[in-house]
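Order of writing sets the chain letters: A, B, C and D. Residues in each chain are counted from 1.
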């Protein structure tokens, strides 16, 4: 590598850091209150990106292929810029989200809902909005929430979600009480074995809750022996152990009624369980969260991020088209 | 401290992102920290949750106390857990020359457990229940299905059928059988497409989450 | 004969007596239904509201379980105009131990429920139950009072454990059938019968891929998934590793196996070592050929990424269980132009392997791969057995769909897994 | 003996897990509990092997002064930092406010989240370079991905806003997900399950034993 490139790269890194420091100081000092494009600027940005893509397409037609880094750059732009735009988009609720909502609204006040948090912070962007919306709905409709986690970090995520849910006006009006209206039983090791043993006895798996209170001292769960005392359950899952294990053990062995919120990666597989009636309702990825927010009338992060999501999808599709144009142009031979 | 924390997080985040440009020392540093920290993280978590929380507390249970902290009774130790610990220690025999073969015992135990569990779980949930779910009245119960549903039902039954035919290994894919297998791979390709679309969705959401951190929590540019 | 009758008579009389005795003990003299109300002083419950106790209380041992549980059922209550049922409370008394008439609260059910299972019984005791309906009464527009009505005492019941779960008899038959076919064909194959296995594209290419690495004088990477030995896909992965290692040893090509689980490390090392001895080159095996990176998914992916970019292997195999890291691995491998052969039974990761790798084993093909590569009778036989299972499923689908479409018989109930 | 005992252990544990599916009665319900506890404990011991291996390799790199020896040192240091802190802080190491949880929140969490997030870039680049309408199958894959990606975000319905509601992209995406996608997933799922069941059976019966090292 030539030394000039190295110097140039170093300069860019330093520049980025310097700008970051300035902006950060701005945040602390208070003169940086966030950035917001006016609708006109937003529209201009969209048009400029579109024109750039068109230019890339033209270049491709002339036989000049773009590299990975150009693709990376566009993905970055497509995700970052919409954060500052003032555009709102309408969307529709899909049947599986509606099914989850219907199942919830059929529950009588006082029904016990088991929520298993089986994810960690890396998947939080997708699952946290679901968790918040779901807890908010339960707590504001007198459904009793029992939280557990099969991932070590799950109960922590649950506490964060509870914090958010309790801030909502509807929930605050109900003044939910810990131990009576909701409990967090914490994490237990053992993956699907935990589910299996909960089928006979919850208490043996969760002798104490997250903060160390003994199981029998929690009025909500004192008389909850096993899955037969649960009216509905909801599993937030980012992998193994997750919805598949819950379906295999809790649903198919113990007849638990269950809905799921999954990362979009896992969601397609869950449609088979949905179709076979093993799952009642499914939220898939961030747009599942956004749809659930829509159907429960409470705007949250899911809805907020939908614009970036839309742009990102468009960019990916644009590059698939460009890639295929290049492929056909080159007589279907060239391997990029 | 809060400022240091958010800066460290941002520094490491950017370090990983810098790999997109090319492999570089910043990335290598972040990577090395990640490898070390993550190995150590699981090491600690498994120690406290499994070895201490499960084994130690199980064999030497604390006394049962009431809410005021008064002694109620001694905990009931579960000596069966010792077998688990013995198996675990045997696992470490791998480190000693000469007796390494003994670590096959715990391995055999683990493989046996999961084989037995998987056999039943997959048979009941992913075979029996799925077959049950696929056998449906094509025209609905009482012939009441709409055209949309009828087409959908036919696609589900036909698609599953053809897809399974593709996975036949002991028969050459020729003639009508081959044609069905061909339809099967088409259905599987549509599935992969949908799966791909969903994965794109998922990954973009995660990136959005990181951007929200960088421009929101760190730089405060997002309102 | 005579004697049997007399025993029956005696037992009958005895139980009637016992029953009467119990009735005297447990039925409070006032009435069958008691009204206990938490009415604030000064408000009277209007006479117009006639609250009815839950009726037809049925208790029985919860079937097909490990004991310790009793199921209580009751009939749905009629809807009243000014009274709404809030919930049901379930009360229990032990026949042997408790003070007569003392019922303890064991749990509650929501207002539309008609069943509750009490999972805290002792198999050695006998119990009786009462169901208490909790009503919310609307006295006038502003006052709402809560009152309860109890049912009569149920029959006696005790819980017990069963030796066979009859709800799962169909699963039992299914497992036995499938196992029989698999074992039968393994036996057939081992006794020398030739079994046909169709071509699997990805596996035809293994030799070629190893050969290319040899020509280029570069490494081969083998990634046996990111899951532990308890995952059957990992086992399939390390089985295939054995074959690949043999070929690599023959060609004298450097095979490197970075793993993310300690148990996989142990197993893979053994397998590679064994493969090298098998082809007569035990000296060529080096301990650090198989090495551990980290248990963490992305720590592992990052580590492999770095290795791939720096060492530029000619061929990369991915065989086993993968999650999100599949794409990072396959795309990085693709970018350095390595030949990539992948196989996984993770449906969500397959699209990326299909797109970014040269050959991909889809789902069940991964399990078939070890049979195909080794041509071992036991593996070929079980593959054939699986196919018979598949054939049965296909026939069931056809027959079942026809029967159900024309409402002849609900065939799918044969495959029902739990009683609902 | 070296081979027989492991095979026997596998067979017994496997058969117990199969039987406990059908037999709710003791001692089978209890065995299940034991085995699952032992399982977690063995797993926790096993990570010692991995950690020691990682340390050994990193030490070797430093000793041999390989080019990346500095980063190997970083691996060792970060491993020890988090481990020592984790052990020193006792059982409550995960509670908010501990140094361990600080490391988790500000070092481990951002690193793993970002590793996850850069997949977004790779997914785009993989789409650009690998998703080609090479043949009919690949074209089907592309089209289905196309409809699902557009139909699952608001943009899809905006583009097809001129069509009647039931033909708009969100509906098309829903249709693909509910019907052909489900059928394909199900076929794959049943196939995989058959493979798993037969592999498990072979393992339990000792027919498949390569996981114990070596062929036969």
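Note that in this section a contact is a pair of C-beta atoms (placed from the backbone, for glycine too) under 8 Å apart; a residue touches a chain by one contact, two chains touch by 3 or more.
Just so it is clear, the model here is predicted, and its values are computed rather than measured.
When C-beta pairs in contact are tallied for every pair of chains, the largest tally goes to B-D.
Compare each chain's C-alpha centroid with the centroid of every protein C-alpha atom shown, and the nearest one belongs to B. Between the CA-based centres of chain A and chain D the separation comes to 18 Å, rounded to the whole angstrom. Work out the mean CA point of chain B and of chain C, and you get 14 Å between them.
Taking each chain's centre as the mean of its C-alpha atoms, chain A lies 25 Å from chain C.
Shown for chain C are the residues in touch with two or more other chains, namely 65-66, 168, 171, 175, 178, 228-230, 232, 235, 263, 266-267, 293-296, 298-299, 302, 324, 327, 347-348, 350-352, 354-355, 362-364, 368, 383, 386, 390, 393, 417.
Residues of chain A in contact with two or more other chains: 68, 72, 75, 79, 122-124, 152, 189, 200, 252-253, 265, 268-269, 272, 275, 285, 287, 309, 312-313, 316. Among all residues of chain D, those that touch two or more other chains are 18, 21, 29, 36-37, 39-40, 43, 46-50, 54, 94, 109, 111-113, 115-116, 118-125, 127, 129, 131, 141-142, 145-146, 149, 152-153, 177-178, 181-182, 185-186, 188-192, 194, 196-197, 199-201, 203, 211-213.
Taken as a contact graph, the chains are fully connected, with every chain touching every other chain. Considering their complex, residues 5-6, 8-10, 12-13, 16-17, 19-20, 28-55, 58, 78, 80-81, 83-85, 87-89, 91-92, 94-95, 101, 104-120, 122-124, 126-127, 130-131, 133-134, 151-152, 155-160, 162-164, 166-167, 184-201, 203-204, 206-207, 209-210, 213 of chain B touch chain D. Across the complex, chain B meets chain C through its residues 16, 19, 23, 28, 31, 34-35, 38-39, 41-42, 94, 103, 107, 110-111, 113-115, 118-120, 123-125, 127-129, 131-139, 141-142, 157, 160-161, 164-165, 167-173, 188, 191-193, 195-196, 198-199. Within the complex, the chain D residues that touch chain C are 18, 21-26, 29, 39, 43, 46-50, 53-54, 57, 60, 111-112, 115-116, 118-119, 122-123, 125-127, 129-131, 141, 145, 185, 188-192, 194-203, 205, 207-208, 210-215.
Considering their complex, residues 9, 13, 16, 20, 23-24, 26-28, 32-36, 69, 72, 75, 79-80, 83-84, 122-126, 152, 187, 189, 192, 214, 217, 244-245, 247-249, 251-253, 263-265, 267-269, 272, 275-278, 284-287, 305, 308-309, 312-313, 316 of chain A touch chain B.
Residues 2, 5-7, 9-18, 21, 34-52, 54, 68, 71-72, 74-83, 86-87, 91, 93-94, 100, 102-124, 127, 131, 136-138, 140-149, 152-153, 173, 175-194, 196-197, 199-201, 203-204, 211-213 of chain D are the ones touching chain B in the complex.
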